[in-house]
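Order of writing sets the labels: A, B, C, D, E and F. Residues in every chain begin at 1.
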């Protein structure tokens, strides 16, 4: 009788990559809810549209490569990419913006490299950066958070949100009320002291951007859930936040107009928490070892601060992540953990004889 | 034997040096004048766009004067201004101006001002604004920059000398206010500078103290 | 401070490879293995700095006073070739170890347009001696930085399941494109 | 000097270039004598990678000559016994792109060992002469035998044998050398087992 | 030997099989740097062809005169001088284009030193084939350059053949074709990343075509005889 | 690390996993005694090292415990007849190996009498010579019962410069399902400790540590109860797979790591499995060689589960059928535990000295592996790896066959414990990759040595030929000179003579060719039929 012949181990822990991804999607929900409350239904429209596109494109690629699409769609990684990109886009973004963004994310950044697991760059961030560079106008039209301006109209509901993104669906085009994001304002200000700025602009809240504080806290919660579920280790996100805070602390000169802003401001504004817990943690494109992830996260933190404060772009999470993605393989090369029974971390370089 | 090889190679290389130099020198001689002329034309072209040929009869490139003004023009490194005159009478002056507060750093401008204090024209020489956003200040991308033509210190009134978003007269671009705001401010400052220094410049033009001959453009 | 921003500018903001497009052939050609990339990087830093300075001197003290600016290309080419070859000989003799690391790359550098490019840019930008030195050094460091990072990344790409037509140079180019995209984030830093 | 320069620009140019060439030429000439070194260790490194089967399929008489040829710019894809792995190793050493094996020189084949059917052997000694590594034992007119451990599997002894008594037998895997194979890549797997992902387990 | 290469071989090699830009990955810097628009690409492409043809011809003419020791320096000097010439000529007759192309005109030197195969081909072949080889190699390079320029210009700006006046005089200013009207512009195509991405795509396209061609050829051709080039390691057997 | 540690202190190891234990199924009943089967199949190679050499002939009658194959070298163990009967064959039979291949075995048809031959107990082992005692253990055929089956006597003979200070007894049994050691302790703790006494006497260690996981408190208690006044420490530590691995156990109990490529002896440590201790006791005190062992029979495909003492050479088929095993196509039979054990191709293979467990699971219990997805570098494998490797990198490099990188990432230090595969969310058969790569690396090393050897021989030959050539040239030159002198005299005849000699040789060869051809035709036929017979 032919018995089944397989390699050991014969047991494995339940679960698969798809379940990991579904945890990530779950953890994104609080942030999405807060964003919807603040900016209206634009975020939801973005997410749904992006997910549809991502699944469609992934299925198409798999067809082209003669692979069974369902097997790949089931890992849900395209959905994570889509949701993360959608969350990073301004609500009420025109439909074609999402098409271009997802196209670059899924087709170029992910599937040209062979699909899930192979991409050296974070797909969602590639999509975002391409859009930011190509369509800065559309990409900087953020809706005003609800309640930031006293006599503001209510945020858009589902139907008007749909109409705002797909103008051809509706006879009366809808325009969302937009305004510069807090980081934008902060960057362009060069005359007011930080305190005055906080007082004078509607964009600012207690310590971060108005409303953005809540968005960040919600993403932080989601991140804490993933950490608890051991979807990732603490190394990368925490070192990124620490590095960012440290940089802010060093350059924070008690609020002059040239100040870069306080640590709290940087931690709770823009995409900081989303970045720390959902983007920096993308396992595929980050460094592999725990020590490596410490460096990786710290690099991102430092770069975020430098670009935010001295560069051209108001928020820098995407650029910083891509730059460190680029550096990750080298980091890996130099941060191999010490193997059992070896004396030092990179003994491999010494004990390799000439061959 | 070694010696002879060295000599032979040396002579050969020498011959090549001669030959190649000959080719280059011949081309150089043949094109020298035309190149100088081209360089001159290229430099003049920007100026002529602001003050066309029919408004003056002098060579503006030969009517340069050094400009050094931190306060209004933000020009510190001895750039040249140019004077257009007709029959010895100053018609207009073209000032180098820097707008220091563009979205991504400095924007270098040339601002032409007629003797009557109105703007003859403004052109952007160099900038690093975002493509697709701030770069509409280039004439190539949009004719926004032409909206300064004919304006002067009191047209519009000083408090309206800014972009519409700040309740001024000039358009901004969708999604980009900083760049036009910076340019507008710089142009206004240039007008102020001209008002202040008009006497001095006019004197220069009369005396013909300008110096432009030893500048060969390299 | 000005020198500092010149340096940062040359390394990051106006990175030779990813922004200015200089030195791409060795960038694509010598990035298959990390070890060789490191060797190439070291050699480039040395040669680029040296030839930047030497060509500056040639121009400022020989060509320019004699009104022979138009001979710049040919003069630089000769100077660079000599610098490279001389370095190779010296290194080979004085330190076989160093030669093993650098030696094979030195001749490659002659055909690298970064070297000639740096000499020409020094003239275009009217750099003085110190600036030429720093610019050459900064450009070389920028080149080396991305070369090494790229080499490490290509080792990772080797194991990726890249679709057939994109394998090899194609995906290398696309990766360089995404790297260049990331480097745009440095815009405006100085 | 200056006047001369403006008056005779051509001759100045020639003089400058000539003197540059002369100075640099001298410098290099000096350096080439002063800093002369000998030897080419790369050949040994290349030879180290070649399989030392000494079969001549590369069209060089032995591995060392081919190593020398490679060091002088010969293509790296001419050694079938070394196969793709050998080409890869050479490419790594020389930092080139690996290229596919040149089919003109034969295909990569399983490793073999020569086996002489002893009762047919007439003891002509031709195979002994052919063997590049002295792996065949025997005296004239007595039967010959192959020392299997020394045999490189080059098959050079097969053709000279007048009675065709030499076989090249594939080296069989024994218990000590048996090993798991790399699992088929997940991707390859999928194409085959499109409909029933479960069964791929047996393939492993 | 290379000297017996036929013109057809030279052509297919230069234009396709061994294309400098797409296969050898040489001359990448100008390829990527000046392929933002068709006019830039064309300008540099023509300049490159000019230098290649001239220098290959010159090298071939003197090939029997120079000795090995000074060959390389001599060749490089020849190429450098022709490059200087084209630089001066462009400065005189296409000044604006010259300004745009910037240092990539002088850099033709380094590219041609490798592209021109002066050492590999012209030094061993008579004048006519060398000239032709130079022309074809240059043409292969220039075609890729222009193709890339067209792709980037089209995707980036939605138009083609803008600013042709820089090269062909004022009348050419009308040649611009607006392919998509009301195009928002896709800046990524114009900025450096786009150059890399489009080159990558171009190489992939070539790979696809090659794979198709090979498939077809394989169907026709039988396999080469294995082991035909074998040599006897142990000498003749007596 | 160097601080003097407290009694019973333990250290944590990196990584590790907590798979479901599934141990209760096979515990609770006393150790059963398997019947003597009709036929015993005894592979000559049951342990690491050289296969034993048979010292019986087919047809010979043997008694239980009689030596049937001798050790063939230092690292080799002898083999004894597990029961009395007649040797029927010494031939290749399928054995329990992942390859499913066959190997030389001694086949004994038992006579059902189970008659003991001579037993050689040592009455007072403290009185005999050390080497003699070690020889006794070797002659009893004892190889490690805990894992790879390393000849125990070798370990008891540490080099003089590495005195043993610590003896570690491995009672961990960290693999799920297996309870053989556990059951053995519960029933025969006293015997085990007697075995430890022998080891202690031989090695004279300063400390004796008996380590086991805290999921077997009853076993720990049993051991402690039997200790009496022996100074052995029974140390419990948190349950975690694979704390039973030798290197891991040493780190847990001593805080030290065995250097890569080194042996525990480098740290002054010897580690023995508890089953091995029991076998030593039987050998020394009772004079019985190793002819049976305790094996756990478990898995839901069996009707009765438990531990059984079984004679070596019993086929799995016989044993399992007695426990109600009814294989279906696609059922698995695993020798060893679910983490490190391997599947056998057929149940018709014998139990050997290292068979500590037979696991016959149903498909629901251990479902067939999922289809592997791409690695997402999540790092869970690295978290689990007890050797602190980066399994994902090893995986990537294995896929790409980048052997230099694999060596640089210390693939040799992988103990193939399977913890990484267990946690991998993408269900990648990581260990299989490592096994394949390790084998390839080994092969490459061998090939490299062989190539080096061939190169030397080739160069030697070239040199010899050249020397011969030179000599010939010299002779020729000399002859020529001589010939020149006598040029005028003899001229025409020599070439003729040469020619005829050549033709004669040619003819001789042709004749030989013809003979050989005739011969070939003649013997070709029978050779073929021979082949066929063996095939059947």
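Note that contacts are C-beta pairs under 8 Å (C-beta built on N, C-alpha and C of every residue); 3 or more make two chains touch, one makes a residue touch a chain.
Just so it is clear, the structure is predicted and the values come from calculations on it, not from any experiment.
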item	value
Number of hops, chain B to chain F, where each hop joins two touching chains	2
Most remote chain, CA-based centroid, reference being chain E	F
For chain A paired with chain D, centre-to-centre distance based on mean C-alpha positions, whole Å	49
CA centroid of chain C to CA centroid of chain F, Å	56
Between chain E and chain F, centroid-to-centroid distance (C-alpha), Å	62
Computed distance of Cα centres, chain E from chain B, in Å	37
Of all residues in chain E, the ones touching two or more other chains	73, 77, 80-81, 84, 88, 185, 187-188, 191, 193, 197, 235
Contacts with two or more other chains, residues of chain B listed in rising order	13, 17, 20-21, 24, 28, 104, 132
Sites on chain A at which at least two other chains make contact	4-7, 71, 108, 114-115, 118, 130, 133-135, 312, 332, 355
Residues of chain B defined as touching chain D within the complex	6, 10, 13-14, 17-18, 20-22, 24-25, 29
Of chain A, residues touching chain B in the complex	134-138, 140-141, 188, 190, 312
Contact footprint of chain D on chain F as seen in their complex	45, 97-99, 101, 103, 330, 368-374, 398-399, 401, 404, 428-429, 432-433, 435-440, 443, 447, 450-455, 457-462, 509, 512-513, 515-517, 519-520, 523
In the complex, chain C residues that touch chain D	30, 32-33, 36, 62-63, 65-68, 71, 74-75, 78-79, 82, 85-86, 89-90, 92-94, 96, 104, 161, 168
Of chain D, residues touching chain F in the complex	47, 50-54, 62-64, 85, 92, 119-122, 124, 132-135, 150, 152, 162-163, 165, 173-175, 177-183, 185-186, 189-190, 193, 197-198, 200-202, 204
